[in-house]
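One chain, chain A, links the two complexes that follow: it is found with chain B in the first and with chain C in the second.
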Partner chain A sequence: MNHTATVKPALPNSLSLVAVTVVGLLCLPLAYVTHMALTADAAIWSRLWTTRIPELLFNTTALALGVAAGTLLLGVSLAWLVSRREFPGRRIWEWALVLPLAIPTYVLAYIYSHLLGAGGPVESAWQMLAGPDGHLPSPHSYAGVTLVMTLDTFPFVYLLTRAAFLNLNVSYEEVARACGASRTGTLFRIMLPLMRPAIVAGLSLVVLYVVSDFGAVSLLRYQTLTYAVYQQITGRYDPTAASILSLLLVVVALIFLVAERWFRQQSRFFQTTGRYRAPARRPCSPLGTALATIYTIGVFAASFGIPALLLIQWSLSAIASGAVDVRFFGFVWNSAFLSSLAATVAVLIGLPLAYLASRRPSRLNLLCLQAAYAGYVLPGPVGALALLAIVSHLAPFWYGTAAVLVIAYVVHFLPAGLQSMEPALQQVTPNLEEASRSLGFGTAATLRHVTLPLVRDGFIAAWVLMFLQSMKELPATLLLRPVGFDTLAVRVWLEASEEYYQLAAPSALLIVIMTIPAILLLLSKDWRAA
Partner chain B sequence: MNQYHFHCQAIRRILSSLLTVVACMTALPVPPAQAEPDRLVVYSGRAERLIKPLLDSFQAKTGVQVDLLSSGTTEVVNRLQAEGARTPADLLITNDAGSLERARELGLLRPLTAPDIAAAIPAQFRAADNSWIGLSGRFWVVVYNTTMIKPADLRSLLDLAEPRWKNKIAIPNAGSEYLQAGISVIKTVYGDDRTKQFLEGLKANAGTQVYGKSSQIVEAVAKGQVALGVVNHYYVYRYLATQPGAPIAVLMPDQHEGGMGAIINVAGIGITTHTKHADSARRLVEYLVSEEGQKQFADLNKEYPLHPRVAADPALPPYKTTRIAPVPLTKLGELREPAMALIEQAGLR
Partner chain C sequence: MPSHEPNQRSTNSSHDQHRPTVLELRHVSCVYGADRPAITDISFVAHEGEIVCLLGPSGCGKTTTLRAIAGFEPVTAGEIRLEGRLVSAPGDLVPTEQRRIGMVFQEYALFPHLRVQDNVAFGLQHLSAGERATQVRVMLEMVGLTDLAARYPHELSGGQQQRVALARALVQKPAVLLLDEPFSNLDPDMAGRMREDLHDLLRRTKTTAVLVTHDHDEAFAMADRIAVLNNGKLEQLDTPEAVYHTPSTPFVADFVGQADFIPGTIENGTVETEIGQFPNQAGYRSGAQVVVMIRPDDIHIVPAAKSFAHIVARQFHGSENLYTIGLPSGRVVHSSEPSTTVHPVGTPVELQVNATHTVLFDRNTHL
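Coming up: the complex of A and B.
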């Protein structure tokens, strides 16, 4: 083997140049929306302020608070249960409670729209008790959306809190107990305050998710900023009002993103030493066992079990009536094609950004990496609005092609991917590569035998994550899909919004089935954005 | 220091190989649409299930493949405009003459000289230069729950703004073209102040019962969530066809002596200015206005066929004896912007 280690006098900044260009393109949609909103006619601003904005801000905030309260209750109590108590089946519930993350909000929303809707099974059961005139509150309401979003997002809080319970230094508890505090007192006065940063980080994540959700609010007809932006885009010839509402939405999302980051920083510093040993789980009394089992099964059934069974039942009858045909497999192909293309492009784009930030942490390179996170605050309809405008001005040739949709996915989901690509590269110390070179391996051999094996897992995780999110994406896909390019998510929404629940089921079930293994795979990595 | 350069090189290698993969993947699914003459792309603002059966039977009959993009009416017009000369669309179908008229004003549709089409569709249902052709008629009606109210309770659409209907009505959202067309007509007949009053009352009475789809309004009325709703008539008859016992019925509003008359609109089709398949596109239009095509609008969709020799479903209120609001369809385009301004001022969702 004759590997000469000649180093070409490479252009030192060529990669930086690529990174700056890429980041510039990534930030363009955000800049464009801001520009459109700020240059809008003052009359449109004032009309929106007097008619729509107060209602939308109120609704959005109220929903975020309601869901935050619900997920706090479910997430923290379940995390405590599985990490501090022992009861039969605890190990199974510990991971099963993550499964609701596999159900997209629009799927859960349409299932609850059927379950709780007028003439649905719950109302029929109620009418057997209360007589034929008994009516339940409609799921198409604040309460309905809050319920659906809570059941869908509580695993965020559950996961973070559970990790905090498991990592908490048991000495604190033991000291508190030795000093005479009761178990309840220890929990509420010592442990929960210590875990506050983790809980709040989970809540911020939930709120960010709720604020940018389109699927549940559109199917349950609850007016939030995200839904209003979509309605403005599809119902008006003039995009100005849409851009104004978009800017407001971006600001709201930004507030919660910053909050989440801040609390995550806090939680990083809050405990200096690791735990000494695993916390002991106290066995439950027979009554406690019964209560714990009923509670966990109840939450699991409501958030995953019943919806999954319904989807299977509906899918079977849809298949029996011939709904799974050549067209259906076309939608599967479209979904797979678009998502894998987007994930691949995003890994390609993320590679130089993550590489530069970890190997050459200059101010410019770090700034580039931060700027690539802009997509986080661009909810689907906002990104679509900006891309529609930008593409029709700058690259009209691309208008209405799959390329625009792929760009939208990349802009929106690259941040989630970067979160696992960045640490993967950072963990590879340059010393390993230098050692490999000095021991006689060439560029390619070092890359193949040292660097790639080390970063592979992180990059695969990033790819899977972005693939899944692109596959579940709804609003941007609805707005940007090319002719004949419906995806599974689009089909679910189109059928469900006309209340053809059975026809929507096969596509929804397929999305859920594809998401489950990936969620379990990613649990050890970064599940934050799943 | 060489590890940086070494990595640059390595990354470039990865990048170039991955780029090749992407290039191959992108090359795969691009349909060679321009090369095949017998393939049409239709942008449609109608719900897919209301138009796809007709396009499928055209495809079966002629062998011309029809690709459909089904989305919101305003959205597809916006899209057509943004795509300009590069649009893949050969035809535009919408639910609303106002949107077709707007597409015509924007130069998106091409005029048609076709005597057989002119013979099939009466002049009041076509653009002056035939750049769009009406395919089927619909009335904007009140659907009511027969167990909750009696038809005598309501005479005019404008009565819906009265406080007695508080929390009892369901309405379409502000983006709905039916609502926009309806308000255009009411505004022309009654003037701005009266219309604004009507919209404010409507908003207050509907509360959160604001829907994105007419089928949902019919469903809400049938289930008794609300007593009344405003929809296009055929959604009611389509619902009754699948659920014959549902407690709903249609009330044709404003039929009283001196009343405004019912608000009519059409679904229509136009051939795009930039189509490269004008002949096939024209065959599709001819098929849809033919007696065979029109019969499908009547039988499948419960719409009013516009061809004089094709009869509507006998369950529908007879077209001939219905009093119709005196606003020509071709005016709906220019009336749209001022009507939308009123809707927005009233703050409808």
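Coming up: the complex of A and C.
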């Protein structure tokens, strides 16, 4: 420990070295995929350009736009309803509407494939009205995937828009009214333009989610880039073609990310200033109450209520038929073991990165942090593909071990964890650490007695987040798991692919139940009940 | 001089009486939950071109009154009329946008996504584009912001932002302009200049205005008449001079400036106090217990070796010296002396009180 006059920490260089190494490892998969794609035979490129790529690009973009439009409509209208109108049950719906986030896309997809499928309950009900020849569009279609993804991701838009509605300075509305604008005019000319950054942030989360989703599109058999990458690896074992499609996918994701960044820069002045006053919620008329209740309950039931009830019902009958056995608990153990390992490794790796970037923001350290976010644009199958290729080239004896899977999780989910760890560290002002140093504590003692206790909550949140995402992860697990080493997510997908809906239910239900408290925990941090 | 009863409504600024009434509050009350100050039985009128200040401490209901006029708060009793039209009554509320009011908020609330010119043009949607541009240009000229028309709000200083907010409100030619603590976000220097500019602008545009403030200097400088509010009640409505010199309650006396309250008793038709005799202006009966309100500028001190009072403290205020004088009873009074008159602390002094400026209150009902 350092009790001498010097105040300079003793370990900056070694810490930076660690950070650079970690970031190098994190970026390796992305670099490898790019390398494979760019060195591929021109014939493969032209074959793909003429056959698959136009269709895949169109499908992916169409799905992203469709879901963006759907979530925009649902998210903004619901956010407006719960933050500006008062009706019985409003408080309950306000938080219940985030619950769909707890259902992974592959679970919702398989439930809708049952609900809307041929001979399913919805079609049966429709045939009672329209006669036995009445048929509905199949869920295995553009419309079906768009519906499922919209219901699953609208809470992103809802949450950010709701926060924006609550944080918006009420004076803007009042002054607009004083200038003669009606309520509707105020909403469209003032409030929505002011909230555009929040809405766009929500939409960009949705789009990234959709573009990199594998679960729903694979179960509903809708050809997107992500699904095609997976098929190229498993069906044809063609890693070169897969890497080309992967590169394309990365570029698409990057375009969205850059566009969102650019938009945020453009609208930096959209800051709301002044004192905070809670907005008044206007009570609804009886008719308005009825409409608001029907709308909220409808969205909630479709996105969470009915799926959850179905899962419970199926799980009960699966338990009754003895499907929850020793093997099932084996899957639970596999999931929990892998996920906690991955989350722990990610927190340990993320700590020096976040610390250096917030404490010593040199160009190198900031670059390291930015580079760690590379995993964001690396959808599950792509990361898995890269790791497969790297491991089979460099360390074949590692192939098919759980270690590779843990690395895949860390690369993929560290960005999400960093987003929780970095602000936690930034909240601790350097003054606190300097005060501790001035009181005779060394670097290590300061870290232990001052910094760590203060950032603990942020780091726990990061751990929980990464644990849950690893737990739900599907494509990389499918591709990289050791033989016979199934997780809960894999079981859901395998059973659902074979349409064994009841057998898939216990695993799916367990994932949902474990996710709910974590979502509520993460929300409670910035949930302002105005 | 006649004494003033509490709550008495005075319209003694005679030049207002033959101007049309623009705004009228009749026995207005607003009652809500615990978080918003209520107001009870507020009545006043504002004539055309008049500036009325609502003055009071925080939580006294002055902002609630303003928001009730704007139509943001429903009234639970009484009624509000704008240009003769009933706009607020219990269960009956004309929406803000149909009231022809202009409003300037404490934090200005300039729309951050609109340029200065578009902020000012916001309320002119009903006009043609050409007409709109003309009015915006004229208005910006009037507030001296022509050069900044294409800027965004965050590119302006506090004073400039305030002028944009004013322009945005005035360009609609509102029946009444409502201002909520418009100077509190400016530094004192700037606030002083903006006060003069605003007063001048309101006079030139002949705008009727209601201004909310907690600063009595601001109210004195701006207002034709001041309504002093406390605990949701109107304590006094009068010209600034009358509010200062003949406050109707001890609260008003204390709130609008430094005041000392000396207890006294009516004996032989005069008020007997520790510091001398005062005329019984209000005609209290013999033996009544009263207090005398005296302002520091009505007490003059002269050093006198054998006096019973002495200087306890001196505060230098630049243009004046404010002395605190200890009396034998332990009570203190204050005296304002010219800035060059300096006596050391401890000096025995004699008090000379200007008796025509004192105000009497009944000790039993007021204190």
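We adopt the following convention: the second predicted complex is superposed on the first by the 484 of 530 C-alpha atoms of A that agree within 3 Å, B and C clash if a C-alpha of one lies under 4 Å from a C-alpha of the other, contacts with A are read in each partner's own complex, and residues count from 1 in each chain.
Throughout what follows, contacts are C-beta pairs under 8 Å (C-beta built on N, C-alpha and C of every residue); 3 or more make two chains touch, one makes a residue touch a chain.
None of the values given here were measured: they were computed from a predicted structure.
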So, after the overlay on chain A, do chain B and chain C clash or fit? They fit
Larger residue footprint on chain A, choosing between chain B and chain C, goes to B
**Prompt:** Between chain B (first) and chain C (second), which does A:Tyr172 come into contact with in this model arrangement: first, second, both, or neither?
**Reply:** second
Worksheet item: So, does A:Asp41 touch the first partner chain B, the second partner chain C, both, or neither?
Response: neither
- Taking the superposition as given, does A:Asp457 touch the first partner, chain B, the second, chain C, both, or neither? neither
- request: Please indicate which partner A:Gly235 is in contact with in the superposed arrangement: first for chain B, second for chain C, both, or neither.
  value: first
Note, angle between chain B and chain C viewed from the Cα centre of chain A, nearest 10 degrees, works out at 170
(request) Could you tell me if A:Ala181 is touching chain B, chain C, both of them or neither one (first, second, both, neither)? (result) second
Practice problem: Check whether A:Leu341 is in contact with chain B, with chain C, with both or with neither, and answer first, second, both or neither. | Solution: first
Distance floor for C-alpha atoms, chain B against chain C, superposed on A, in Å, equals 38
Where chain B and chain C land on the same part of chain A: residues none
Within their complex, chain A touches chain B through residues 5, 7-8, 10, 12, 14-15, 47, 50-52, 117-119, 138, 140-141, 218, 221, 223, 228, 231-237, 241, 337, 340-341, 344-345, 347-348, 351-352, 355, 359-360, 388, 392, 396-397, 399-400, 402-403, 430, 433-434, 437, 443-444, 446-447, 451, 478-479, 481-484, 494, 497-499
Contacts from chain C onto chain A in the complex sit at residues 70-72, 95-98, 101-103, 105-109, 111-113, 122-123, 125-126, 152-154, 165, 168-169, 172, 178
So, in the complex, the side of chain A touching chain C is made of residues 169, 171-172, 174-183, 189-190, 193-194, 196, 267, 269-275
Touching chain A in the complex, chain B uses residues 2-11, 13-15, 18-19, 21-22, 25-26, 29, 31, 41, 43, 47-49, 67-72, 74-75, 77-79, 82-84, 86-89, 102, 173-176, 208, 210-213, 215-216, 219-220, 223-225, 340, 344-347, 349
